[in-house]
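Presented sequentially are two complexes of chain A, the first with chain B as partner and the second with chain C.
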Partner chain A sequence: MSECIDGLRHLFSSILKCCDLEESRGPVDPELLARETVFSVSEIEALYELFKKISSAVIDDGLINKEEFQLALFKTNKKESLFADRVFDLFDTKHNGILGFEEFARALSVFHPNAPIDEKIEFSFQLYDLKQQGFIERQEVKQMVVATLAESGMNLSDDVIENIIDKTFEEADTKHDGKIDKEEWRNLVLRHPSLLKNMTLQYLKDITTTFPSFVFHSQVDDT
Partner chain B sequence: MQSPVYYALVNPNLSILMNMCFIFQRITIPEIMKDEWFKKNYKPPVFYEKEDADLDDVQALFKDSEEYRVTEKKEEQQPTAMNAFELISMSRGLKLDNLFDVEQGFKRETRFTSKCPANEIISKIVKAAKPLGFDIHKKNYKMRLENVKAGRKGNLNVATEIFQVAPSLHMVEVRKAKGDTLEFHMFCKNLSSSLEDVVWKTEEDMQETK
Partner chain C sequence: MDAERTVPTSSNFINAFQLIAMNNDLDLSGLFEEEDDNIQKTKLGSKNTISDTFKKIEAAANDLSLSIQRQNNKIKIHPGRSFARCSRSHSNLSAEVIEVAPAHCVVEICKSAGELSVYKEFCKSLSSLLTEKSSIASVAPDAADLSDESQETASSEEEVNGSKDPRGYSSS
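What follows is the complex of A and B.
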């Protein structure tokens, strides 16, 4: 009997996949996502509840656009942020300016407390590599420091900012080439684990209680 | 004595337990927790402690019986100079916790800047926290404040750390390490009113400027 239901489910999801134009809107195959991410099936379903909430804020189309993302992050869509833009771009692996559920889940998987640290190191490196050249340049670091200070209303003189960056590069840029490559970033982060604190969201561990999902066909038996 | 009729509908182990609760003796909570029926599928609640790696040295303090009180030791070192990436990671755009919107504004951490020297900040925090019933554990410019009384989710533990952003500007981070977030929120409110002359800019001030 359960095989019959399974068969029907697979048939149903295949049909859905054919009709799916560009983006996966719902958890078409939560089991696939659970296999390919750190989440369990019930966590995927809970994540979908969160996704629905965020994606219906401005346009109820089952997709998260930049405005809805900003709204979810800052509780206002009037806030421009260099960092929110970078995060959005990294989530948007299809590069079409919108986030489908699959992109959302795969990206958030990196932030799970159980995700491998290498994924977190990789994600954070790409986050700070503003021009995506494969290394973090001094100029990019300065841009980010200035943006952060502006956001918090702190006024520091250029000298002070240069000083902060000098000290950072002194420690991080072990090859002394004026840029921080992946290896140097990895070494820096392993020495200063607090640099990765934003890469772990404890909330993801409690997500099934925060966003209960009442999808009855789900396989609750996940180990 | 005949058991009430409804007992017949219930698991026999449970009915024995219920008898002990109501009829024969006042069973205590620890005794209930030892009972077989109670222990079946029981998972004791775990209160998540958000521990950062840089609190490891403060953790070591708990094992050091000498440092139970704040000592007047002369601190040689300067507060940790803020690494550019540490500064960047304070940006709100990188705090994806906000996507979850769970605690409706009760943050788990807060920060403020101060133009006072680091030692003065420390002594002012200590002066403010002690009367609120907190034990202080200090190492360099990191502190761990522990509420002697247990609250809703165990004893509230607050971690503070001072960073040097510029020679005359310090950033103080106040973070909940353990305990109830609402209690942490109340603690921060009390702390900020005692620290009015130390604080240069609070997080609210910092958010308001565009």
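What follows is the complex of A and C.
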């Protein structure tokens, strides 16, 4: 079995060299990733099992495209979603429309329960900064609130929505400039940690049991 | 007026980001979950106050002979009238009420185990109660069935749905 793996690895690396691909498809260096993320080596390997599953759903190319991402999240690729798009964009640090394993692992690292809160604050700020201007403005908040209410089957009048946003800005916009900048965001979530609840995935703590990886152990042992 | 709320909030309005964080699209746990009939979630809108919303939940449960157990803003729903510990079955159905604005709530119904049919019937029952225009006249709760862990005596006096108009919120 391990000869097979070795063979595959050689094949992989020659293909990679040959195609000069920038994306790393597999855990080419799980130890490096483990060093640079919150994950342990075995968690990286388990994460890779998940990655393989997701990335082979539509096109089996070892990469996650937007459709596969949507499929994995919503179990349907028919759903357009403002937020899923933002999340995908934030995962896609190379901005080439696809997620390699490294991008996948690095992004998910932020969602680990043990990840530093600063990373969660940073990620969430960028997530909500829809136009990526470096601040969250009222119109963006409104857009997100409306999208969320629609999803909840709630039909609120514009007045009520404006009130909700007014109150939020009253509290958050301490500089009174009509925008929430990174510092104000930080202060807000430090006061209300539950605002970051979607930035933590408890599943990541148990990932080695959910996705046991048998295959790549040998890679770690090899020198 | 604020006595009925057990969860301290600075105003009757939810923080916009709290609301946004409730969005399922931002919940990446889908990446780890298999498509599973066991886990089901629904959100329903309720143009009622928190206490009225709870009454409707109780009514919906009663209609289906389900017993309920309330813990703060969450109601656990069990099949059958008896809520003795030993009869807590494999069903895991709950309804959580989140106040979004005065007289506007979101109910999150969640099932993590148990029969799909019970869950669906409950959602249907509650949904029709929530969209009813009339006030809940006689939700005469069988007091024995309710086990409030946080006693909300004030709310039971509030039969009057004061703020039914769409702009129903007290002036701030």
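Note that in this section the second predicted complex is superposed on the first by the 195 of 223 C-alpha atoms of A that agree within 3 Å, B and C clash if a C-alpha of one lies under 4 Å from a C-alpha of the other, contacts with A are read in each partner's own complex, and residues count from 1 in each chain.
By our rule, a contact is a pair of C-beta atoms (placed from the backbone, for glycine too) under 8 Å apart; a residue touches a chain by one contact, two chains touch by 3 or more.
Since we're looking at a predicted model, the values are computed, not measured.
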Chain C versus chain B on the shared chain A, clash or fit after superposition: clash
Partner chain in contact with A:P193 - chain B first, chain C second, else both or neither: first
Touched partner set for A:F39, first chain B, second chain C, both or neither: neither
Partner chain in contact with A:K205 - chain B first, chain C second, else both or neither: first
Chain B versus chain C as contact partner of A:Y48, first or second or both or neither: neither
Chain B versus chain C as contact partner of A:T148, first or second or both or neither: both
Partner chain in contact with A:K167 - chain B first, chain C second, else both or neither: both
Chain B and chain C contact sites that coincide on chain A, given as residue numbers: 50, 54, 72-75, 81-84, 87, 111, 127-128, 141, 144-145, 147-149, 151-154, 156, 160, 163-165, 167-168, 171, 188, 192, 194-195, 197-198, 201-203, 207, 210
Touching residues on chain A, where the partner in the complex is chain C: 50, 54, 72-75, 81-84, 87, 111, 127-128, 141, 144-145, 147-149, 151-157, 159-160, 163-165, 167-168, 171-172, 188, 192, 194-198, 201-203, 207, 210
Footprint of chain A on chain C - complex, ascending: 10-11, 13-32, 35, 43-45, 100-101, 104, 106, 166-167, 169, 172
Residue ranges of chain B touching chain A (in the complex, touch as defined): 48, 50, 52-54, 81-102, 113, 165-166, 169, 201, 205-209
Chain A residues within the chain B interface of the complex: 50, 54, 72-75, 81-87, 108, 111, 127-128, 141, 144-145, 147-149, 151-154, 156, 160, 163-165, 167-168, 171, 188, 192-195, 197-198, 201-203, 205, 207, 210
